[in-house]
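Two complexes, one shared chain (chain A), two partners (chain B, chain C).
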Partner chain A sequence: MTNEPAMSMGLNELARMLCLDMQSNTEVEERLSRMLDTLHDQVVLLDARGVVVYINKATEHLTGYNRDEVLGSTPALWRLSESATHVERKLDIREDSRAPEHDVIRNVRKDGTVYEATVRSVPVSREDGSPSYTLLVERDVSDAAALERVQRRIAALTSHNLKTPLASMRWQLEMLRNGDMGHVSQEQQESLAEIHEGVTRMVGMVEQWYTVTNLDLGLHTLHSEKIPLENLVAEVLHELQLRIEQEEVSVRFSAHPVPFVLEADRDTVRTIVHALIFNAVKYNRANGTVDVEVLPLPNGDEYDGRSFSEDRVLLSVRDTGQGIPTGEQGRVFLERFHASNVEASYAAGAGLDLYITRALVQKLCGDIWFSSSEEGSHFVVAFPNVLQAQHA
Partner chain B sequence: MIEDEKSMAKALEIKLSRLGYTVTVAHNGQLGLAALDTTDIDLVLCDLIMPKVGGFEVLEEMHRRKIQVPVIVMTNLSQAEEEARARSLGAMDFIVKSNTPITTIMDVVNNALAD
Partner chain C sequence: MLSRFLNCFKTVLVVEDDPALQKVLTTKLQKKGYKTVTASSGREVLIVVAQTCPAGIILDLMLPGQDGMSILRQLRSPEVDYNKAVVVLTNLRGTAELRTEAESLQAQYFDKAHTPIDTVINALARAV
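Coming up: the complex of A and B.
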């Protein structure tokens, strides 16, 4: 047994304390204040109008303002102007469970020096439901943010420096194969095609390394925009057309009559779509088929025995390959996974496709699952943040 | 063309010359800006990471000097932030070299100069 009951009692007590009217209970106020003064994070309590009614000692220490200067003002006092709007927006979405928790904003001390901080806001309501407070917890992350910038830069430059000679090789191989540098025999063409394929795979591996590095370091950034999912799938299919022909498989794409628009990071969604379709093509049988479908999953409806409490759009990719051996299916989303029934020449990659795909789906707060048998595999991604879902 | 990777510059120069274009090659941003002062240029193909003066600085300097020549950025940096920054500085297109066949770049150049 764990000490869960004791912890739950403690949390209940704390929750009750936070709901109490501090003005009317000096003892509780003093105890709570002493506790909050031990923290290294800024703790600021705002009333319903956004006016500061309490700060802890860390706030005085980090901002350089004393209590008298801060009480009665607003957090704009120590926000760099460019960050003020951002924080307001963040407060507006505080009850959205997907709100980013670690957005870095810039604050300015009384002496004019700037520091970077993460802000979390917690709504605190009285038991009778009237006037509510907002608790802001701000953490100075200047050192961590500087380190993150260095890490991001090193990763980007390493990827750049690895890709540059590979890109050069690809261009020159392309020119050789196109006859830009003289006639090329059939035998030479075949050899050049092999080299071109190898170089292309190396570029892909560098990109995978870069993605994994960013994911591992928590540096993968998302830039939300409106994405018509069907159009994006069609773009990926167009991009993969040559590979589809080489693998001698046919791909059928069923788009929903009314397009779906997702609010998500385009590159991330594209990488997910590309990986699933590419794998379905690559690990198929000759003359096999791949069925790609985009379909709605309205709030509460079931698909594959799963349902969600919000509308989702599903990307379903079904192949007719030889499937993933039953005993290996639990490892599919792990790093360096290669199914044992895949030919060695096909398993030359880093085994990161599905590891990355799942990590990216999780980044988007989506879900991914699969089923597999000797008749083929079926991967499904459930994307959230559907802006236009026409319920079937 | 402002490109420090000489093998890539050479490949592009061959392809562009065969399409009938006259190509001036500069191997860093400083030389590229100097060429813009002395040569009648219709289109700039510009790398980003280069010695002395990089591509972003070229874009900033062109903006400062009000040089109205269209710029296509070609790079192996592939983050959305870099593309957004390049476009905000006036780049008309952003090409990730490692993902783009050289024939596609020729199409992009032809389209840019056809406008």
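Coming up: the complex of A and C.
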């Protein structure tokens, strides 16, 4: 079924609405059509009923349907999924980590082959604001999606395979230290503790490598779930208990009377919480303190001179360490940052903790800031997507 | 002491394809007084469950052939109807969906790299 008058009218009106300064409506249509035919992406124009009134050459090429077969139908013609809006997953192919990811759908060509595509839908309204047309721009991302699958698989398998022997070593060490294999002398305990610490650091480095790789390749995906933040903080503190005792630091955790629930990716939030508390413990003085607090920041209220246009929940981690030298504070969130006043005291890690922490906070559309002096440092993360928040 | 004696009547199935991890888990369980049987693939699991009806299962997610989550689904299916304690272990990252599914199948879920072995064993012991 052809729909030449509708196509002509659609493109013509579209061009007019786009305010192209042309000689005639026919010229508008021809020039716009030639322009859209040069694109590699599918461009499809739907009328107010969702019926196709225009397609460019790339649509014919990618779907295998010619213009006559498509005009008058709907995008369901080349959609694989039952639902036209079914999203297979998100594909991160953009540079700005705060920009929304592309929805990936699966299309099927006329010959039955399937390809993955991203879809952008742009409503085109009349001057009076009433909806008129919808512009669909679809891009074949099969190659990018296949590459992403390979990259994900390699990263996940490598991380898993490196951590498997480390988990075994850690558990064996725990059994030795607990006396499951017989009595252990004090000297042996100290040696085992050093080995245990080394293994724990290696696990941390593998996980940092995995996180940085995913962030750099744009593969870090978020799975939203409801997270009781205080429970997560308590869990991290429990995991760090041995380290806290070794560093001879006192950790105080103040939970708000009404628990907060975040809607966020649990692993991402956990990594953020772990990094901030671990650093506060590691870079502290002997017999120092770490104060961890979870508190609400309702829409419009201020904390540290900052306010937000939505409810947030704050994670505050304050330590009594040596602080970060003023001249170096601008580099805190950069890769491989080590403060000059602590580098000699501790075995240097990869310097990725705060780089990763900030990247992950940004992934969650949150905010992170800090203040630091010779009396210690104070890091704050403001998490969005709070399901429960009470005024103090 | 008494609980260790009582545990002697309980068998735990350890499903783990890594020999070192399998050994450390079975050793720890035996120290706690459990009898242990092992399996390293999905096919073996169903055979062992049918033969021994273990009081609890420790189940790794990354296994050759059939993955641990699909094994768990089979265990909880009406055909197998295994309704006893299952503890799922993994070293995989970014597994929020797996955790949710495991918990919906009445299984406890632990990250091997971040969980002390005592925590894993104690969690199983409480459920057995």
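Just so it is clear, the second predicted complex is superposed on the first by the 335 of 392 C-alpha atoms of A that agree within 3 Å, B and C clash if a C-alpha of one lies under 4 Å from a C-alpha of the other, contacts with A are read in each partner's own complex, and residues count from 1 in each chain.
We adopt the following convention: a contact is a pair of C-beta atoms (placed from the backbone, for glycine too) under 8 Å apart; a residue touches a chain by one contact, two chains touch by 3 or more.
The structure presented is a predicted model; accordingly, all values stated were derived computationally and were not measured.
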Superposed partners chain B and chain C on chain A - clash or fit: clash
Contacts of A:159 with chain B and chain C, given as first, second, both or neither: both
Touched partner set for A:203, first chain B, second chain C, both or neither: both
First (chain B), second (chain C), both or neither touched by A:167: both
Overlap of chain C and chain B interfaces on chain A (superposed complexes): 156, 159-160, 163-168, 170-172, 174-175, 178, 180, 203, 207, 210, 221, 223, 267
Residues of chain A that touch chain B when the two form their complex: 156-157, 159-160, 163-168, 170-172, 174-175, 178, 180, 203, 206-207, 210, 221, 223, 267
Residues of chain A touching chain C in the complex: 156, 159-160, 163-168, 170-172, 174-175, 178, 180, 203, 207, 210-211, 221, 223, 225, 239, 265-267
Complex contact set, residues of chain C against chain A: 18, 20-21, 24-25, 27-28, 31, 62, 91-97, 99-100, 112-114, 116-118
Residue numbers on chain B that touch chain A, as the complex places them: 5, 7-8, 11-12, 14-15, 18, 49, 75-81, 97-99, 101-103
